[in-house]
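What follows is a pair of complexes built around subunit A, which joins subunit B in one and subunit C in the other.
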Partner chain A sequence: MLVKDLVEKFDLAVTGGKSGLDREVTEGYCGDLLSEVMGNAPAGCAWMTVQGHQNIVAVAVLREMAAIVITGGQIPDAETIQKADQEGIPILQWPDSSFSLAGRLFSAGVGNPASE
Partner chain B sequence: MLKKIKADLHIHSCLSPCSDWDMSPKKIVQKSLEQQLDLIAICDHNTAENVAAIMREGARQGIAVLPGMEICSREEVHLVTLFKSIEADLKMQEFIYKHLNGNNQPEVFGHQVVADEHDQVLGENPRLLIGATGLSLIDVVEKAHHLGGICISSHVDRPSYSLIGQLGFIPENLHLDAVEVSFRVPLKKARTEVPGIGNYPCVTSSDAHFLDDIGKVWTEFILAAPSLEELIMALAGKDGRHIVN
Partner chain C sequence: MLATLPGLTENDNLPLINARPARITAPSENFKHMSQLKKSFHIKSRDFIRAGEASINIQNLLKSMDFDPSLIRRVAICGYESEMNVVMHGGDGTLSIEVDSDRLILEITDDGPGIEDIDLAMQAGYSTANDDHREMGFGAGMGLPNMKKNSDRIQVDSKKDDGTLVRMIFFIPEKGETD
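Moving on to the complex of A and B:
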């Protein structure tokens, strides 16, 4: 599934990094403690977090993520959107919890071994 | 004349919900003197309502007390802010209160006791002081600087409520004056044990919530006087002022 398919399927708002919408999403990850995410998030993931600080973009680049989804109705900082545009990392927004989106992604086959 | 100043720049009073009742103005000052500290800073969570009383008691008993606060940013990062005057600290408090929502539940989070320099209880602060403000890290640092103060990132070696724990690394556009390590990391080893500190000036403080923790660790400075002006010079390594340990 490409990031743009995810956007369409779940009606996510795209607030930055539009040039990265053709990246492939192969995994999902949830986490708000960036020190932990930096060590554990899989490459190609859609990362769900409530953090909107610009450091999330650097973490996404480091872990070679497909996209960042800011959940819980949180809003990314202006600098975060600028960095995401520079790096081509899509910043998406989802109004509900990380849990509710992660469940939908898994059911749609993202990171779900049973669907392969 | 320059001299050694033993400083514990991060002490909570009984106003912090997670702090002990015994952290009263008189007892904090007495314990600090027993620990042979020359300089302390009072940094309660998102409030400075006990600072003036502790400064008065410190002046009476002969120890320098800096007005401060430990602020929780919206990224849930704790930052120690220190000021030259109680007026500046109270202006910071006014700014913080505008961006802090919720009411305390003493049975869950603890009591928030406002006391005077005679250790008389004046009342309880009703705000949710343990909460996060709606302010970003940059908002906090800029406001502290605007009021002539400084900003030190709290316990960066810790996994929770620390800048490196929450955000992975220190953002390049954040103009911190220093970083603090907890008692768990000897100051001399801080840069190797916590590589993310980089070139930031580094101090260590007790973050005391109980009397017996005051002065558990401290930072030794070479200063002309125990004041924020001198501390700022030491953090910048100016005119012979510096951090010793």
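Moving on to the complex of A and C:
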């Protein structure tokens, strides 16, 4: 699934990094502690987090993630959007919890071996 | 000055010296990584805006040199954690990457307050991060453990009030060898 398919399917708002909408999403990851995410998130994941500050973009670039989804109705900072545009990492927004989106992604086959 | 090799007279050394240029010609494709390279980046204390940029630069450099993706991933993790530590806890510093024939060396130094108890700092979960840092999702006390786990060798040198140096070594896997 491409990031843009995910956006369409779950009606996510795209607030930054539009040039990265063709990146492929192969996995999902939830986490709000940056070092924990840095150490464990898989490449190609859609990362669901409540953190909206600029340092999340470097984490996504260095872990080669597909996109960042800011959950829980949190709003990304202006610097976050600017960095995401620069690096081509899509910043998406989901109004509900990480859990509720993760469940939907998994059912749609993202990171779910049973769906293959 | 070349010392006289055992079993050779002074004169016998001459052809050896003349032969030298042949051995220092440009490395062949196979030995691309033999060429030494070192790049350094200035890291500014408390500069959360630019934090991570040096590591992204290093990641791009290593990608352009065609290193193994999992090796690049490990260096990227270590670069980020070391940059964040200097930004959050240290003074101004320098992050450098050195490409050697069989290894990559990532080194970070800063002239900040130093680490009083290194063994304690290396423990997962130990952190002196303040509330502002924690609110941003830092301060899990996982940075140094991540650096240890993802490098092949790690050396931490620090003293209270005397800055910090962390040096990490990554051995370059042989072609076809994965970890």
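Please note the rule applied: the second predicted complex is superposed on the first by the 116 of 116 C-alpha atoms of A that agree within 3 Å, B and C clash if a C-alpha of one lies under 4 Å from a C-alpha of the other, contacts with A are read in each partner's own complex, and residues count from 1 in each chain.
Keep this in mind: a contact is a pair of C-beta atoms (placed from the backbone, for glycine too) under 8 Å apart; a residue touches a chain by one contact, two chains touch by 3 or more.
All figures in this text were calculated on a predicted structure; none of them were measured in a lab.
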item: Superposed partners subunit B and subunit C on subunit A - clash or fit; value: clash
item: Which superposed partner A:1 touches (first subunit B, second subunit C, both, neither); value: neither
item: Subunit B versus subunit C as contact partner of A:63, first or second or both or neither; value: second
item: Which of subunit B and subunit C A:77 touches, first, second, both or neither; value: first
item: Partner with the higher number of touched subunit A residues, subunit C or subunit B; value: C
item: Partner chain(s) touched by A:108 [first = subunit B, second = subunit C, both, neither]; value: neither
item: Touched partner set for A:43, first subunit B, second subunit C, both or neither; value: second
item: Which of subunit B and subunit C A:14 touches, first, second, both or neither; value: neither
item: Segment of subunit C that clashes with subunit B, given the candidates 43-51, 61-69, 97-105 or 169-177; value: 43-51
item: On subunit A, positions contacted by subunit B and by subunit C; value: 33-35, 38, 51, 53-55, 58-59, 79
item: In the complex with subunit A, residue positions of subunit B that touch it; value: 75, 136-137, 159, 164-169, 171, 173
item: Touch list for subunit A against partner subunit C, complex; value: 32-36, 38-39, 43, 49, 51, 53-55, 57-59, 61-64, 79, 87
item: Touch list for subunit A against partner subunit B, complex; value: 33-35, 37-38, 51, 53-55, 58-59, 77, 79
item: Touching residues (chain side subunit C, partner subunit A) in the complex; value: 48-49, 51-53, 55-56, 59, 73, 76-77, 79-81, 84, 136-138, 140-143, 146, 149-150
